[in-house]
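The chains carry the letters A, B, C and D, assigned in the order they are written, with residues numbered from 1 in each.
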Amino acid sequence: MNNNNSSNHSLGASGNHELTLAVRDYECDLQGVVNNSVYMNYLEHARHEYLKSRGVDFAEVTASGIHLVVVKAELEYRASLTSGDDFSVRTRVEQEGRLKFVFLQEILRDQDQSLMLIARITTTALNERGRPFYPEKLVEKFI
Amino acid sequence: MNNNNSSNHSLGASGNHELTLAVRDYECDLQGVVNNSVYMNYLEHARHEYLKSRGVDFAEVTASGIHLVVVKAELEYRASLTSGDDFSVRTRVEQEGRLKFVFLQEILRDQDQSLMLIARITTTALNERGRPFYPEKLVEKFI
Amino acid sequence: MNNNNSSNHSLGASGNHELTLAVRDYECDLQGVVNNSVYMNYLEHARHEYLKSRGVDFAEVTASGIHLVVVKAELEYRASLTSGDDFSVRTRVEQEGRLKFVFLQEILRDQDQSLMLIARITTTALNERGRPFYPEKLVEKFI
Amino acid sequence: MNNNNSSNHSLGASGNHELTLAVRDYECDLQGVVNNSVYMNYLEHARHEYLKSRGVDFAEVTASGIHLVVVKAELEYRASLTSGDDFSVRTRVEQEGRLKFVFLQEILRDQDQSLMLIARITTTALNERGRPFYPEKLVEKFI
(Lines give C-alpha, C1' and ligand atoms only; values in the text may rest on other atoms or scores of the structure.)
Protein backbone atom coordinates (compact mmCIF):
# COMPACT_ATOMS: atom_id res chain seq x y z
CA MET A 1 0.00 0.00 0.00
CA ASN A 2 1.54 3.20 -1.22
CA ASN A 3 0.31 5.79 1.29
CA ASN A 4 0.09 9.14 -0.46
CA ASN A 5 -1.34 10.97 2.55
CA SER A 6 -4.02 12.54 0.42
CA SER A 7 -6.91 12.16 2.83
CA ASN A 8 -5.70 11.87 6.37
CA HIS A 9 -6.79 13.86 9.35
CA SER A 10 -5.27 14.82 12.60
CA LEU A 11 -5.45 17.27 15.44
CA GLY A 12 -2.88 20.01 14.94
CA ALA A 13 -0.86 21.61 17.69
CA SER A 14 -3.57 24.22 18.04
CA GLY A 15 -6.25 21.67 18.80
CA ASN A 16 -7.71 22.25 15.35
CA HIS A 17 -9.12 19.38 13.38
CA GLU A 18 -7.20 18.92 10.15
CA LEU A 19 -8.23 17.04 7.02
CA THR A 20 -5.81 16.54 4.13
CA LEU A 21 -7.24 16.24 0.62
CA ALA A 22 -6.12 16.41 -3.01
CA VAL A 23 -7.63 18.48 -5.82
CA ARG A 24 -9.49 16.31 -8.32
CA ASP A 25 -9.35 17.46 -11.95
CA TYR A 26 -13.15 17.53 -12.36
CA GLU A 27 -13.24 20.20 -9.65
CA CYS A 28 -11.32 22.62 -11.89
CA ASP A 29 -13.16 24.93 -14.26
CA LEU A 30 -12.67 26.99 -17.43
CA GLN A 31 -10.12 29.16 -15.62
CA GLY A 32 -7.97 26.10 -14.94
CA VAL A 33 -8.41 26.35 -11.16
CA VAL A 34 -10.73 24.85 -8.54
CA ASN A 35 -14.18 26.42 -9.04
CA ASN A 36 -15.29 28.74 -6.22
CA SER A 37 -18.28 26.58 -5.31
CA VAL A 38 -16.08 23.52 -4.75
CA TYR A 39 -14.51 25.10 -1.67
CA MET A 40 -17.97 24.90 -0.11
CA ASN A 41 -17.82 21.14 -0.73
CA TYR A 42 -14.38 20.89 0.87
CA LEU A 43 -15.51 22.93 3.88
CA GLU A 44 -18.70 20.90 4.35
CA HIS A 45 -16.80 17.63 4.11
CA ALA A 46 -14.26 18.88 6.68
CA ARG A 47 -17.06 19.95 9.06
CA HIS A 48 -18.69 16.53 8.78
CA GLU A 49 -15.33 14.83 9.38
CA TYR A 50 -14.81 17.13 12.38
CA LEU A 51 -18.20 16.07 13.75
CA LYS A 52 -17.44 12.40 13.05
CA SER A 53 -14.15 12.72 14.97
CA ARG A 54 -16.29 13.84 17.92
CA GLY A 55 -18.74 10.97 17.59
CA VAL A 56 -21.44 12.87 15.68
CA ASP A 57 -22.56 11.25 12.42
CA PHE A 58 -24.22 13.85 10.18
CA ALA A 59 -26.39 11.39 8.24
CA GLU A 60 -27.64 9.77 11.49
CA VAL A 61 -28.36 13.16 13.05
CA THR A 62 -30.36 14.09 9.93
CA ALA A 63 -32.23 10.78 9.97
CA SER A 64 -33.11 11.41 13.66
CA GLY A 65 -34.97 14.59 12.64
CA ILE A 66 -32.38 17.17 13.67
CA HIS A 67 -31.25 19.43 10.84
CA LEU A 68 -27.88 21.06 11.27
CA VAL A 69 -28.01 23.97 8.82
CA VAL A 70 -25.77 26.75 7.61
CA VAL A 71 -27.28 30.19 8.20
CA LYS A 72 -24.32 32.25 7.06
CA ALA A 73 -21.17 31.57 5.05
CA GLU A 74 -18.33 34.07 4.78
CA LEU A 75 -15.42 33.09 2.55
CA GLU A 76 -12.27 34.99 1.73
CA TYR A 77 -10.54 33.65 -1.34
CA ARG A 78 -6.79 34.36 -1.09
CA ALA A 79 -5.37 32.20 -3.87
CA SER A 80 -6.53 29.40 -6.11
CA LEU A 81 -5.92 25.70 -5.75
CA THR A 82 -5.27 23.92 -9.03
CA SER A 83 -4.75 20.48 -10.57
CA GLY A 84 -2.15 18.47 -8.68
CA ASP A 85 -2.40 20.43 -5.41
CA ASP A 86 -2.70 18.72 -2.03
CA PHE A 87 -4.20 20.82 0.73
CA SER A 88 -5.38 20.79 4.33
CA VAL A 89 -8.64 22.05 5.79
CA ARG A 90 -8.35 23.18 9.42
CA THR A 91 -11.54 23.40 11.43
CA ARG A 92 -12.45 24.59 14.89
CA VAL A 93 -15.82 25.51 16.42
CA GLU A 94 -17.06 28.28 18.69
CA GLN A 95 -20.49 28.81 20.17
CA GLU A 96 -22.13 32.18 19.43
CA GLY A 97 -25.04 33.15 21.63
CA ARG A 98 -27.21 30.24 22.69
CA LEU A 99 -28.17 28.76 19.34
CA LYS A 100 -25.33 29.33 16.89
CA PHE A 101 -22.21 27.30 16.27
CA VAL A 102 -19.50 28.96 14.21
CA PHE A 103 -17.01 26.84 12.28
CA LEU A 104 -13.75 28.69 11.69
CA GLN A 105 -12.02 27.04 8.76
CA GLU A 106 -8.86 27.57 6.77
CA ILE A 107 -7.50 25.91 3.66
CA LEU A 108 -3.73 25.68 3.26
CA ARG A 109 -1.82 24.39 0.24
CA ASP A 110 0.52 21.63 1.38
CA GLN A 111 3.52 22.39 -0.82
CA ASP A 112 4.19 25.81 0.70
CA GLN A 113 1.69 26.08 3.56
CA SER A 114 0.22 29.17 1.92
CA LEU A 115 -3.26 30.19 2.98
CA MET A 116 -5.76 29.76 0.13
CA LEU A 117 -9.05 30.48 1.86
CA ILE A 118 -10.46 31.60 5.21
CA ALA A 119 -14.05 30.76 6.08
CA ARG A 120 -16.48 31.50 8.87
CA ILE A 121 -19.53 29.24 8.64
CA THR A 122 -22.38 29.95 11.06
CA THR A 123 -24.71 27.04 11.72
CA THR A 124 -27.70 26.26 13.89
CA ALA A 125 -29.85 23.23 14.66
CA LEU A 126 -33.47 23.00 13.52
CA ASN A 127 -36.01 20.63 15.02
CA GLU A 128 -38.58 18.70 12.97
CA ARG A 129 -40.82 21.77 12.76
CA GLY A 130 -37.94 23.85 11.37
CA ARG A 131 -37.43 25.85 14.57
CA PRO A 132 -33.95 26.59 15.98
CA PHE A 133 -33.28 24.71 19.21
CA TYR A 134 -30.37 23.69 21.42
CA PRO A 135 -29.42 20.05 20.78
CA GLU A 136 -27.75 19.60 24.15
CA LYS A 137 -26.47 16.04 23.74
CA LEU A 138 -24.92 16.85 20.38
CA VAL A 139 -23.40 20.10 21.53
CA GLU A 140 -21.65 18.40 24.44
CA LYS A 141 -19.82 16.29 21.90
CA PHE A 142 -18.71 18.80 19.33
CA ILE A 143 -17.99 22.05 21.15
CA MET B 1 -39.88 39.22 -19.66
CA ASN B 2 -37.18 38.39 -22.18
CA ASN B 3 -37.80 34.73 -23.00
CA ASN B 4 -34.50 33.13 -24.00
CA ASN B 5 -35.94 29.66 -24.45
CA SER B 6 -33.20 28.15 -22.34
CA SER B 7 -35.30 25.69 -20.37
CA ASN B 8 -38.49 24.82 -22.12
CA HIS B 9 -39.86 21.42 -22.88
CA SER B 10 -42.19 20.00 -25.42
CA LEU B 11 -43.29 16.85 -27.11
CA GLY B 12 -41.60 16.55 -30.49
CA ALA B 13 -43.20 15.15 -33.61
CA SER B 14 -41.84 11.73 -32.67
CA GLY B 15 -43.64 11.71 -29.37
CA ASN B 16 -40.32 12.23 -27.61
CA HIS B 17 -40.10 14.45 -24.55
CA GLU B 18 -37.74 17.36 -25.16
CA LEU B 19 -36.07 19.60 -22.59
CA THR B 20 -34.03 22.63 -23.66
CA LEU B 21 -31.18 23.76 -21.43
CA ALA B 22 -28.10 25.99 -21.55
CA VAL B 23 -24.54 25.10 -20.56
CA ARG B 24 -23.49 26.81 -17.32
CA ASP B 25 -19.83 27.82 -17.08
CA TYR B 26 -19.23 25.93 -13.81
CA GLU B 27 -20.06 22.73 -15.71
CA CYS B 28 -16.99 23.16 -17.91
CA ASP B 29 -13.65 21.70 -16.87
CA LEU B 30 -9.90 22.06 -17.49
CA GLN B 31 -10.40 21.06 -21.11
CA GLY B 32 -12.74 24.02 -21.64
CA VAL B 33 -15.76 21.80 -22.34
CA VAL B 34 -18.63 20.33 -20.31
CA ASN B 35 -17.19 17.62 -18.05
CA ASN B 36 -18.24 14.05 -18.93
CA SER B 37 -20.00 13.52 -15.60
CA VAL B 38 -22.24 16.56 -16.13
CA TYR B 39 -24.07 14.81 -19.00
CA MET B 40 -25.29 12.34 -16.38
CA ASN B 41 -26.81 15.33 -14.54
CA TYR B 42 -28.48 16.59 -17.72
CA LEU B 43 -29.84 13.13 -18.51
CA GLU B 44 -31.15 12.59 -14.96
CA HIS B 45 -32.83 15.99 -14.92
CA ALA B 46 -34.44 15.26 -18.31
CA ARG B 47 -35.71 11.87 -17.08
CA HIS B 48 -37.23 13.49 -13.99
CA GLU B 49 -38.85 16.19 -16.15
CA TYR B 50 -40.14 13.45 -18.45
CA LEU B 51 -41.67 11.69 -15.44
CA LYS B 52 -43.12 14.97 -14.15
CA SER B 53 -44.73 15.60 -17.57
CA ARG B 54 -46.48 12.26 -17.03
CA GLY B 55 -47.63 13.11 -13.50
CA VAL B 56 -44.86 11.24 -11.67
CA ASP B 57 -42.92 13.33 -9.12
CA PHE B 58 -39.55 11.70 -8.41
CA ALA B 59 -39.14 13.17 -4.91
CA GLU B 60 -42.65 12.08 -3.91
CA VAL B 61 -42.11 8.59 -5.32
CA THR B 62 -38.88 8.34 -3.30
CA ALA B 63 -40.61 9.61 -0.13
CA SER B 64 -43.30 6.94 -0.65
CA GLY B 65 -40.65 4.22 -0.34
CA ILE B 66 -40.25 3.35 -4.02
CA HIS B 67 -36.71 3.75 -5.33
CA LEU B 68 -36.38 4.21 -9.06
CA VAL B 69 -32.76 3.31 -9.73
CA VAL B 70 -30.35 3.17 -12.64
CA VAL B 71 -28.91 -0.31 -13.17
CA LYS B 72 -27.00 0.41 -16.36
CA ALA B 73 -25.86 3.52 -18.17
CA GLU B 74 -24.44 3.46 -21.70
CA LEU B 75 -23.28 6.77 -23.10
CA GLU B 76 -21.73 7.54 -26.47
CA TYR B 77 -19.98 10.88 -26.51
CA ARG B 78 -20.01 12.27 -30.07
CA ALA B 79 -18.89 15.87 -29.54
CA SER B 80 -18.46 18.27 -26.64
CA LEU B 81 -20.79 20.99 -25.46
CA THR B 82 -19.03 24.14 -24.35
CA SER B 83 -19.62 27.54 -22.74
CA GLY B 84 -22.45 29.42 -24.44
CA ASP B 85 -24.12 26.36 -26.00
CA ASP B 86 -27.86 25.76 -25.77
CA PHE B 87 -28.95 22.17 -26.21
CA SER B 88 -31.93 19.83 -26.10
CA VAL B 89 -32.30 16.52 -24.34
CA ARG B 90 -34.77 14.16 -26.05
CA THR B 91 -36.15 11.31 -23.97
CA ARG B 92 -38.39 8.32 -24.63
CA VAL B 93 -38.98 5.15 -22.63
CA GLU B 94 -39.33 1.48 -23.48
CA GLN B 95 -40.11 -1.45 -21.23
CA GLU B 96 -37.57 -4.31 -21.27
CA GLY B 97 -38.72 -7.61 -19.86
CA ARG B 98 -41.05 -7.26 -16.90
CA LEU B 99 -39.00 -5.15 -14.55
CA LYS B 100 -36.77 -2.85 -16.57
CA PHE B 101 -37.51 0.55 -18.09
CA VAL B 102 -35.04 1.84 -20.63
CA PHE B 103 -34.71 5.58 -21.23
CA LEU B 104 -33.40 6.33 -24.71
CA GLN B 105 -31.92 9.80 -24.64
CA GLU B 106 -30.14 12.10 -27.06
CA ILE B 107 -28.50 15.46 -26.60
CA LEU B 108 -28.49 17.85 -29.57
CA ARG B 109 -26.78 21.21 -29.81
CA ASP B 110 -29.34 23.84 -30.74
CA GLN B 111 -27.25 25.99 -33.08
CA ASP B 112 -26.70 23.24 -35.68
CA GLN B 113 -28.83 20.33 -34.41
CA SER B 114 -25.70 18.20 -34.24
CA LEU B 115 -25.85 15.12 -32.06
CA MET B 116 -23.55 15.43 -29.03
CA LEU B 117 -24.44 12.32 -27.04
CA ILE B 118 -26.57 9.20 -27.24
CA ALA B 119 -27.56 7.43 -24.03
CA ARG B 120 -29.38 4.27 -23.04
CA ILE B 121 -30.23 4.31 -19.35
CA THR B 122 -31.72 1.12 -17.91
CA THR B 123 -33.71 1.56 -14.71
CA THR B 124 -35.79 -0.54 -12.37
CA ALA B 125 -37.95 0.04 -9.30
CA LEU B 126 -36.91 -1.23 -5.87
CA ASN B 127 -39.31 -1.67 -2.97
CA GLU B 128 -38.52 -0.74 0.63
CA ARG B 129 -36.56 -3.97 1.10
CA GLY B 130 -34.42 -3.17 -1.95
CA ARG B 131 -36.05 -5.82 -4.16
CA PRO B 132 -37.01 -5.14 -7.80
CA PHE B 133 -40.78 -5.02 -8.27
CA TYR B 134 -43.35 -3.81 -10.79
CA PRO B 135 -44.82 -0.47 -9.68
CA GLU B 136 -48.01 -0.88 -11.73
CA LYS B 137 -49.64 2.48 -10.99
CA LEU B 138 -46.47 4.37 -11.84
CA VAL B 139 -45.77 2.38 -14.96
CA GLU B 140 -49.23 3.09 -16.37
CA LYS B 141 -48.34 6.76 -16.24
CA PHE B 142 -44.88 6.84 -17.73
CA ILE B 143 -44.72 4.09 -20.35
CA MET C 1 -43.82 24.40 -27.17
CA ASN C 2 -44.91 24.28 -23.54
CA ASN C 3 -43.11 27.25 -21.96
CA ASN C 4 -42.51 26.44 -18.31
CA ASN C 5 -40.69 29.67 -17.54
CA SER C 6 -37.90 27.80 -15.86
CA SER C 7 -34.97 29.69 -17.30
CA ASN C 8 -35.91 33.13 -18.46
CA HIS C 9 -34.30 36.39 -17.59
CA SER C 10 -35.41 39.96 -17.50
CA LEU C 11 -34.68 43.35 -16.05
CA GLY C 12 -36.91 43.96 -13.05
CA ALA C 13 -38.47 47.29 -12.18
CA SER C 14 -35.46 48.01 -10.01
CA GLY C 15 -33.03 47.71 -12.89
CA ASN C 16 -31.85 44.37 -11.48
CA HIS C 17 -30.98 41.52 -13.77
CA GLU C 18 -33.19 38.54 -13.09
CA LEU C 19 -32.65 34.90 -14.05
CA THR C 20 -35.35 32.29 -13.46
CA LEU C 21 -34.27 28.70 -12.86
CA ALA C 22 -35.67 25.42 -11.54
CA VAL C 23 -34.18 23.16 -8.88
CA ARG C 24 -32.80 19.94 -10.38
CA ASP C 25 -33.11 16.83 -8.20
CA TYR C 26 -29.39 16.00 -8.34
CA GLU C 27 -28.76 19.34 -6.61
CA CYS C 28 -30.57 18.12 -3.47
CA ASP C 29 -28.68 16.30 -0.74
CA LEU C 30 -29.21 13.92 2.20
CA GLN C 31 -31.33 16.55 3.95
CA GLY C 32 -33.74 16.60 1.00
CA VAL C 33 -32.95 20.22 0.10
CA VAL C 34 -30.60 22.00 -2.29
CA ASN C 35 -27.06 21.59 -0.95
CA ASN C 36 -25.44 24.79 0.34
CA SER C 37 -22.65 24.67 -2.24
CA VAL C 38 -25.13 24.61 -5.13
CA TYR C 39 -26.25 28.20 -4.38
CA MET C 40 -22.71 29.22 -5.32
CA ASN C 41 -23.34 27.58 -8.72
CA TYR C 42 -26.65 29.42 -9.13
CA LEU C 43 -25.04 32.74 -8.17
CA GLU C 44 -22.07 32.24 -10.51
CA HIS C 45 -24.34 31.30 -13.40
CA ALA C 46 -26.50 34.39 -12.73
CA ARG C 47 -23.41 36.64 -12.65
CA HIS C 48 -22.20 35.22 -15.96
CA GLU C 49 -25.68 35.71 -17.48
CA TYR C 50 -25.69 39.27 -16.12
CA LEU C 51 -22.33 39.88 -17.82
CA LYS C 52 -23.56 38.27 -21.04
CA SER C 53 -26.63 40.56 -21.00
CA ARG C 54 -24.13 43.46 -21.00
CA GLY C 55 -22.07 42.03 -23.85
CA VAL C 56 -19.34 40.45 -21.72
CA ASP C 57 -18.69 36.74 -22.40
CA PHE C 58 -16.94 35.16 -19.41
CA ALA C 59 -15.24 32.37 -21.38
CA GLU C 60 -13.93 34.84 -23.97
CA VAL C 61 -12.68 37.20 -21.29
CA THR C 62 -10.86 34.28 -19.65
CA ALA C 63 -9.38 33.17 -22.98
CA SER C 64 -8.14 36.75 -23.54
CA GLY C 65 -6.00 36.46 -20.38
CA ILE C 66 -8.19 38.47 -17.99
CA HIS C 67 -9.28 36.54 -14.92
CA LEU C 68 -12.39 37.82 -13.19
CA VAL C 69 -12.12 36.29 -9.73
CA VAL C 70 -14.12 36.18 -6.52
CA VAL C 71 -12.18 37.54 -3.54
CA LYS C 72 -14.96 37.38 -0.98
CA ALA C 73 -18.34 35.64 -0.78
CA GLU C 74 -20.88 36.41 1.92
CA LEU C 75 -24.06 34.37 1.88
CA GLU C 76 -27.03 34.49 4.23
CA TYR C 77 -29.15 31.37 3.99
CA ARG C 78 -32.75 32.25 4.93
CA ALA C 79 -34.67 29.15 3.84
CA SER C 80 -34.03 26.08 1.71
CA LEU C 81 -35.01 25.45 -1.87
CA THR C 82 -36.15 21.91 -2.53
CA SER C 83 -37.19 19.53 -5.33
CA GLY C 84 -39.83 21.08 -7.57
CA ASP C 85 -39.08 24.70 -6.68
CA ASP C 86 -38.70 27.40 -9.31
CA PHE C 87 -36.73 30.44 -8.26
CA SER C 88 -35.26 33.71 -9.45
CA VAL C 89 -31.78 35.10 -8.97
CA ARG C 90 -31.64 38.91 -8.94
CA THR C 91 -28.27 40.53 -9.59
CA ARG C 92 -26.94 44.05 -9.56
CA VAL C 93 -23.37 45.38 -9.41
CA GLU C 94 -21.64 48.19 -7.55
CA GLN C 95 -18.05 49.35 -7.79
CA GLU C 96 -16.09 49.39 -4.49
CA GLY C 97 -12.91 51.44 -4.48
CA ARG C 98 -11.02 51.36 -7.73
CA LEU C 99 -10.51 47.64 -8.25
CA LYS C 100 -13.45 45.80 -6.74
CA PHE C 101 -16.86 44.99 -8.21
CA VAL C 102 -19.51 43.81 -5.79
CA PHE C 103 -22.38 41.68 -7.05
CA LEU C 104 -25.45 42.01 -4.82
CA GLN C 105 -27.59 38.95 -5.37
CA GLU C 106 -30.83 37.57 -4.01
CA ILE C 107 -32.61 34.29 -4.57
CA LEU C 108 -36.42 34.29 -4.34
CA ARG C 109 -38.72 31.27 -4.52
CA ASP C 110 -41.26 31.85 -7.27
CA GLN C 111 -44.34 30.31 -5.64
CA ASP C 112 -44.47 32.80 -2.75
CA GLN C 113 -41.71 35.32 -3.57
CA SER C 114 -40.05 34.46 -0.27
CA LEU C 115 -36.40 35.34 0.08
CA MET C 116 -34.23 32.22 0.29
CA LEU C 117 -30.72 33.69 0.17
CA ILE C 118 -28.92 37.04 0.13
CA ALA C 119 -25.39 37.22 -1.23
CA ARG C 120 -22.66 39.79 -1.56
CA ILE C 121 -19.93 38.60 -3.91
CA THR C 122 -16.82 40.77 -4.17
CA THR C 123 -14.79 40.31 -7.34
CA THR C 124 -11.74 41.79 -8.99
CA ALA C 125 -9.90 41.42 -12.28
CA LEU C 126 -6.43 39.86 -12.49
CA ASN C 127 -4.07 40.34 -15.41
CA GLU C 128 -1.92 37.57 -16.89
CA ARG C 129 0.63 37.96 -14.10
CA GLY C 130 -2.11 37.54 -11.47
CA ARG C 131 -2.09 41.21 -10.44
CA PRO C 132 -5.34 43.15 -9.83
CA PHE C 133 -5.95 45.77 -12.50
CA TYR C 134 -8.76 47.92 -13.87
CA PRO C 135 -10.18 46.39 -17.07
CA GLU C 136 -11.59 49.67 -18.36
CA LYS C 137 -13.31 48.41 -21.50
CA LEU C 138 -15.04 45.63 -19.61
CA VAL C 139 -16.07 47.82 -16.72
CA GLU C 140 -17.74 50.32 -19.03
CA LYS C 141 -20.02 47.52 -20.15
CA PHE C 142 -21.04 45.91 -16.90
CA ILE C 143 -21.21 48.67 -14.28
CA MET D 1 -1.25 11.91 12.19
CA ASN D 2 -4.27 9.63 12.33
CA ASN D 3 -4.17 7.75 9.05
CA ASN D 4 -7.72 6.84 8.08
CA ASN D 5 -6.76 5.19 4.82
CA SER D 6 -9.35 7.21 2.99
CA SER D 7 -7.32 8.14 -0.06
CA ASN D 8 -4.42 5.81 -0.62
CA HIS D 9 -3.48 4.00 -3.75
CA SER D 10 -1.57 0.90 -4.60
CA LEU D 11 -1.02 -1.74 -7.19
CA GLY D 12 -3.04 -4.84 -6.34
CA ALA D 13 -1.90 -8.41 -6.86
CA SER D 14 -3.53 -8.32 -10.29
CA GLY D 15 -1.41 -5.43 -11.42
CA ASN D 16 -4.46 -3.16 -11.20
CA HIS D 17 -4.13 0.39 -9.98
CA GLU D 18 -6.19 0.92 -6.84
CA LEU D 19 -7.37 4.19 -5.32
CA THR D 20 -9.13 4.26 -1.94
CA LEU D 21 -11.62 7.04 -1.29
CA ALA D 22 -14.42 7.93 1.14
CA VAL D 23 -17.96 9.04 0.30
CA ARG D 24 -18.52 12.73 1.04
CA ASP D 25 -22.00 13.67 2.27
CA TYR D 26 -22.52 16.32 -0.44
CA GLU D 27 -22.22 13.51 -3.01
CA CYS D 28 -25.41 11.89 -1.67
CA ASP D 29 -28.80 12.85 -3.08
CA LEU D 30 -32.52 12.81 -2.22
CA GLN D 31 -32.46 9.00 -2.15
CA GLY D 32 -29.82 9.08 0.59
CA VAL D 33 -27.17 7.43 -1.57
CA VAL D 34 -24.32 8.60 -3.81
CA ASN D 35 -25.86 10.15 -6.93
CA ASN D 36 -25.32 8.19 -10.15
CA SER D 37 -23.36 11.00 -11.79
CA VAL D 38 -20.83 11.08 -8.95
CA TYR D 39 -19.46 7.66 -9.91
CA MET D 40 -18.32 9.31 -13.13
CA ASN D 41 -16.31 11.73 -10.96
CA TYR D 42 -14.79 8.86 -8.97
CA LEU D 43 -13.91 6.98 -12.15
CA GLU D 44 -12.37 10.04 -13.82
CA HIS D 45 -10.32 10.84 -10.73
CA ALA D 46 -9.10 7.22 -10.58
CA ARG D 47 -8.14 7.29 -14.27
CA HIS D 48 -6.17 10.50 -13.76
CA GLU D 49 -4.44 9.02 -10.70
CA TYR D 50 -3.67 5.91 -12.74
CA LEU D 51 -2.10 8.11 -15.43
CA LYS D 52 -0.18 10.10 -12.81
CA SER D 53 1.20 6.85 -11.35
CA ARG D 54 2.62 6.19 -14.84
CA GLY D 55 4.12 9.66 -15.17
CA VAL D 56 1.33 11.19 -17.24
CA ASP D 57 -0.15 14.43 -15.85
CA PHE D 58 -3.60 15.05 -17.32
CA ALA D 59 -3.53 18.84 -16.91
CA GLU D 60 -0.10 19.06 -18.55
CA VAL D 61 -1.16 16.81 -21.41
CA THR D 62 -4.22 19.05 -21.94
CA ALA D 63 -2.08 22.20 -21.83
CA SER D 64 0.24 20.64 -24.44
CA GLY D 65 -2.69 20.49 -26.90
CA ILE D 66 -3.49 16.77 -26.62
CA HIS D 67 -7.06 16.05 -25.54
CA LEU D 68 -7.65 12.68 -23.97
CA VAL D 69 -11.41 12.22 -24.32
CA VAL D 70 -14.06 9.69 -23.40
CA VAL D 71 -15.92 8.37 -26.44
CA LYS D 72 -18.02 5.75 -24.66
CA ALA D 73 -18.94 5.03 -21.05
CA GLU D 74 -20.65 1.83 -19.97
CA LEU D 75 -21.54 1.56 -16.29
CA GLU D 76 -23.28 -1.26 -14.44
CA TYR D 77 -24.63 -0.14 -11.09
CA ARG D 78 -24.75 -3.14 -8.73
CA ALA D 79 -25.38 -1.48 -5.35
CA SER D 80 -25.28 2.01 -3.90
CA LEU D 81 -22.57 3.64 -1.86
CA THR D 82 -23.85 5.79 0.96
CA SER D 83 -22.73 8.23 3.67
CA GLY D 84 -19.86 6.80 5.72
CA ASP D 85 -18.69 4.27 3.13
CA ASP D 86 -15.05 3.87 2.18
CA PHE D 87 -14.41 2.31 -1.20
CA SER D 88 -11.73 1.40 -3.71
CA VAL D 89 -11.58 2.10 -7.42
CA ARG D 90 -9.56 -0.49 -9.38
CA THR D 91 -8.34 0.53 -12.82
CA ARG D 92 -6.54 -1.23 -15.65
CA VAL D 93 -6.15 -0.29 -19.32
CA GLU D 94 -6.29 -2.19 -22.58
CA GLN D 95 -5.69 -0.95 -26.10
CA GLU D 96 -8.52 -1.51 -28.60
CA GLY D 97 -7.64 -1.22 -32.26
CA ARG D 98 -5.04 1.40 -32.98
CA LEU D 99 -6.63 4.51 -31.50
CA LYS D 100 -8.73 3.47 -28.51
CA PHE D 101 -7.73 2.91 -24.91
CA VAL D 102 -10.26 1.14 -22.72
CA PHE D 103 -10.20 1.67 -18.95
CA LEU D 104 -11.72 -1.27 -17.11
CA GLN D 105 -12.77 -0.04 -13.70
CA GLU D 106 -14.47 -1.50 -10.64
CA ILE D 107 -15.66 0.09 -7.43
CA LEU D 108 -15.65 -2.06 -4.30
CA ARG D 109 -16.99 -1.13 -0.87
CA ASP D 110 -14.23 -1.59 1.69
CA GLN D 111 -16.25 -2.96 4.60
CA ASP D 112 -17.32 -6.14 2.79
CA GLN D 113 -15.45 -6.00 -0.52
CA SER D 114 -18.77 -6.09 -2.34
CA LEU D 115 -18.81 -4.90 -5.93
CA MET D 116 -20.78 -1.66 -6.31
CA LEU D 117 -20.08 -0.75 -9.94
CA ILE D 118 -18.35 -2.07 -13.06
CA ALA D 119 -17.30 0.36 -15.76
CA ARG D 120 -15.80 0.21 -19.22
CA ILE D 121 -14.62 3.63 -20.34
CA THR D 122 -13.40 3.92 -23.93
CA THR D 123 -11.10 6.86 -24.62
CA THR D 124 -9.09 8.26 -27.47
CA ALA D 125 -6.61 11.09 -28.02
CA LEU D 126 -7.48 14.12 -30.13
CA ASN D 127 -4.91 16.47 -31.62
CA GLU D 128 -5.29 20.23 -31.72
CA ARG D 129 -7.55 20.01 -34.77
CA GLY D 130 -9.84 17.58 -32.92
CA ARG D 131 -8.72 14.54 -34.95
CA PRO D 132 -8.01 11.15 -33.30
CA PHE D 133 -4.31 10.29 -33.37
CA TYR D 134 -1.83 7.93 -31.71
CA PRO D 135 0.11 9.78 -28.98
CA GLU D 136 3.04 7.35 -29.05
CA LYS D 137 5.10 8.80 -26.21
CA LEU D 138 2.11 8.89 -23.88
CA VAL D 139 0.91 5.44 -24.79
CA GLU D 140 4.30 3.90 -24.00
CA LYS D 141 3.85 5.16 -20.47
CA PHE D 142 0.31 4.16 -19.65
CA ILE D 143 -0.40 0.91 -21.50
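Criterion: a residue touches a chain if its C-beta (ideal position, glycine included) is under 8 Å from a C-beta of that chain, and two chains touch if they have at least 3 such contacts.
These figures come from a predicted structure and were not determined experimentally.
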Most widely separated chain from chain B, with each centre as the mean of CA atoms: A
Of A-B and B-D, pair with higher C-beta contact tally: B-D
Euclidean distance of C-alpha centroids - chain B vs chain D, Å: 24
Gap in Å, rounded to a whole number, between the CA centres of chain B and chain A: 32
Chain A residues counted as touching two or more neighbouring chains: 25-26, 28, 30, 32, 35, 37, 41, 44, 58-59, 83
Chain D contact footprint on chain B (complex, rising order): 30-31, 35-38, 40-41, 44, 58-59, 62, 67, 69-77, 80
Residues of chain A touching chain D in the complex: 1-11, 21-22, 24-26, 28, 32, 41, 44-45, 48, 57-59, 82-84
Complex contact set, residues of chain B against chain A: 25-26, 28-30, 32, 35, 37, 83
